[in-house]
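Letters A, B and C mark the chains in the order given here, with residues in each chain numbered from 1 onward.
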Amino acid sequence: MSARLARRDHRDAWLFLLPVIAVILLVAVWPLARTFFFSFTDAYLDEPSVYSMVGFDNFIEILQDRSWWIAVKNTLIFAAISVAIETVLGLAIALLLNSAIPGRGLARAAILVPWAIPVVVATKMWEWMLNDQFGVINKVLSGLGLVDHGIAWTASSSLIMGVVIFVDVWMTTPFMVLLILAGLQLISPEIFEAADVDGIPAWKRFWSITLPMLRPAIGVAVLFRVLDALRMFDLAYVLAASNENVMTVSIYARDRLISFQELGVGSAASTWVFLLVAFVAIIIIGVLRLDKAAGT
Amino acid sequence: MASVSLHSVSKSFGTHAVIQGVELQIDDGEFVVFVGPSGCGKSTLLRIVAGLVAPTDGVVAIGGDDVTDVPASRRGVAFVFQSYALYPHMSVARNIGFALETLGMAKEAVSQKVLSVARMLKVDHLMDRRPRELSGGQRQRVAIGRALVRQPEIFLFDEPLSNLDSDLRMEMRLEIARLHNDLKTTMIYVTHDQSEAMTLADRIVVLNHGRIEQVGTPQQLYHAPDNRFVAGFIGSPRMNFMGVSSQATAGRIVGAGNLSLALASSDLENPITEIGIRPEGLRLVAEGDGRMVCILERIEDLGHEHFGYCRISDDTVWVIRLPEAPSPDRIGKPVGLDFADAAVFAFAGDGRRIALAGLQKMAAEAPLP
Amino acid sequence: MQNAIAQRAPRKPASFYRLKRRVVRGLQIFALLLVLIYTLFPYYWAFVSSTKQGAALYRSALLPALDFTYYRQLIDNPIFMGSLLNSAYVAVSTTLLSLIIGISAAYALGRIDFPQRRAMLMIVLMISIFPQVVVLSGLFELINWLGLFNRPSALILTYLLSTVPFTTWILTTFIREFPRELEEAAIIDGCSHFRILMKILLPLMGPSLASTGILAFILAWNEFLFALTFTLTDENRTVPVAIGLIAGTSRYEYPFGQIMAASVTVTLPLIAVVLVFQRRIVAGLTAGAVKG
């Protein structure tokens, strides 16, 4: 009966949502569907309309490609290590910036700088600082007598993953700091005052009060960061193009698709990336129980 | 001006039933107050009348017309919110005139109407201010002005005075009463405040868990509550209750504090499980006198009135309203309590009030031992 | 009177606590300095390097030489200036479009009760986190079909993929913070949903729109994958791609001076915005995550 009043509201809601739905259909759903479709074909990028259906051949081809598995391994290692470091470092910096010390306002602004800098720029800056002959870092290290000749940070196959993680940590720790700081500010200071009066030692206060109360904030931040790290492209690409030591699944898929023009195989690779990320997302959401923590 | 009627109105949010089968008839020009504990659905019911919330079920009629499907702006209602909900970015004048502006009324006509309403509410010197530059009372006046300017058939108020301090609350209460007197418009008013309800209402609607417990004039609710809930809810301090047991063979009910009431035989068919007496129905007397014994634990002196706290048993403390402060020596000592039979309310196990035929008659007889 | 537990705790002399407090304070300030160096030094170093010519670049003097030759070269370089313009055009258009689309969607998602609301919110959230490479082939086809390949407009369209869900999500949380009664009052005053959005909410949402817009702008300004894939020729590139593709004739002639000058140039507006709108940015970032 009076469902009619509600129905009018619903109709208005869809009208307001029309633009966003159009955008989502146009640039997300449709391309996604086409990617799925192409992954079952043998099409090439220069002539996408000429193809035949090949079933699951492309998917199998990807799984049989050694490079794909290297890319998967690189991506997972990169995501796990960089997010772990970012979380710990972010937590430490957030705790520091949350205490009343002179200059923390400046630091809160400064922390945004690495976050706002384009990935490409940040990569170039660190590439220059880590240059084996002229880089300031090697100069400092040899000045301190720690090394006798410059380390080839970005050229060495064993160090380059470390460099990628290091630069990523530099760029994205601010995000962690901001989210954790926001979480810290939601905790009533009276809780800490109560703990203070009760004589709870600092480390215990951290483990039994701060950390549990920050769990939702950290959980959300970790989820966002892990999903972001799993799709990492620009940093490794700019630093090392298609160097196998840091090739991520995104670089692998784009290479097959654009550089090798293999629309079919490249789409299959993209689909595997999609499944990989979805799988990891589900695991994280399950482990952190974020669906409950972040009830919208 | 218009009547309002609600017919088997229900509202659920998901599976949570907030309003359940409400039947209510409000006459043209009547001032009706909704009271009830927090979360019982007062605001929701008011919003259903306004058209801000669509009922899950039932019919809302205004002036005899079914308006269940009519949007809020076409129902001829005005709503005054607890938080005032003034538009923060608009001046007082524009706040008041916004509805007329939305209707497409000519500018001069709008400002004329706005000015006359503002004069009436004594906010005409504030016309260019923003809401945040006003005091609480001034904001309240502007909010009422915004309602008035639309010349609604029904005014809806949702706890309009609860953000004001007690002096202002009194003043605005008078003003709303005067407004109703002048306009004779139907008003529905939600409040937490007993004295607002008792002084403003033609009739009070007591809600509990989304159902109407009782509808009646303030006097009816006070003197003849239908059930234990209404008896406990209306009146401040609240009614004193005590569980009792019926001794059908002896024709009486007994309870803690040596309470023993004889009943007429007709009263014995409904087992009485609880009785209640209002604080103003009790008198403090010497130990041994009166109809109950208890220990006077504490006296609260509010200046113009006094309350005594009497322990009747381990888990029962009654409040007595005292005309004057008793001597402090009596604290901690046993005292007697006396009351008239007519002051006793009796309730059945399901909470219904049972009118006592026997007790009323006995009032004239000698006090019980 | 008996000793309370709290009083029985052993207590050291006052000087011990004073010293301890000073040591802690000193360590904190030291840590803060480290944080500042860690976050700011690379950018400072980029600036220093960009003002050194020739051999000076390779001697790691900590002070800038303040020789702006590279910057002059950049300004005189039509390709670089063109990519700067492209970036600005793409980022500004993307931001405006996403704000308009986002606010409209956010009003429905934040304010109107309709059965599929939660599902829509989840879809929006999911799209904002899935990897862009997944839609690359489909988008490639779409852009070719629309005739937008190698045109900056292609980037505007594709950037909406990440900016629209993101602005929608953040603006939804912002809209929810407004008291509902404000709109109910407007409904009673006879406003349509459209009028409520335009006359009541929009005038109040300036700060929220600013936060969200800045974040969308930064996202669009910094994007790399789509810009690399959907533009082909130098004059259509955005700045990140232009910088990413600068290369020297050999590894030893890598033009770090020029690259640093270009890096400083494209980052300067961002850093200015970030420092000026620091609070708003943090509000936007955390609105999306913590309260979401």
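In the analysis below, a contact is a pair of C-beta atoms (placed from the backbone, for glycine too) under 8 Å apart; a residue touches a chain by one contact, two chains touch by 3 or more.
Since the model is a prediction, treat every value here as computed from it, not as a measurement.
In terms of which chains touch, the assembly is arranged so that all chains touch all other chains.
Distance between Cα centroids is largest for the pairing of chain C with B. In whole angstrom, the spacing between the mean C-alpha positions of chain A and chain C is 14. Here the spacing of chain B and chain C, counted between their Cα centres, is 54 Å. Rounded to whole angstrom, the centroid-to-centroid distance between chain A and chain B, based on C-alpha atoms, equals 57 Å. For chain A, residues touching at least two other chains, in rising order: 6. Chain contacts: chain B has residues 51, 71 touching two or more partner chains. Those residues of chain A whose C-beta lies close enough to touch chain B in the complex are 1-6, 8. Across the complex, chain C is touched by residues 47, 50-52, 71-73, 77-79, 81-83, 85-89, 98-99, 102-103, 146, 150 of chain B. Of all residues in chain C, those touching chain A in their complex are 6, 9, 25, 28-29, 31-32, 35-36, 38-40, 42-43, 45-46, 49, 57-58, 60, 100-102, 104-105, 107-109, 112-115, 117-118, 120-121, 123-124, 127, 129-142, 144, 157-158, 160-161, 164-165, 168, 192-193, 197, 218, 221-222, 224-225, 228-229, 239-241, 243-244, 256, 259-260, 263, 266-267, 270-271, 273-275, 278, 281-282, 285-286, 289-290, 292.
Chain contact summary for the complex, chain A toward chain C: residues 6, 9-10, 12-14, 16-20, 23-24, 26-28, 30-35, 38, 45, 48, 93, 96-97, 99, 101-104, 106-126, 128-129, 131, 133-134, 136, 139-140, 170, 174-175, 178-179, 181-183, 186, 199, 216-217, 220-221, 224, 227-228, 230-231, 233-234, 237-238, 249-250, 253-254, 257-258, 263, 266-267, 270-271, 273-274, 277-278, 281, 294, 296.
Residues 179, 181-182, 184-191, 195, 200, 203-204 of chain C touch chain B in their complex.
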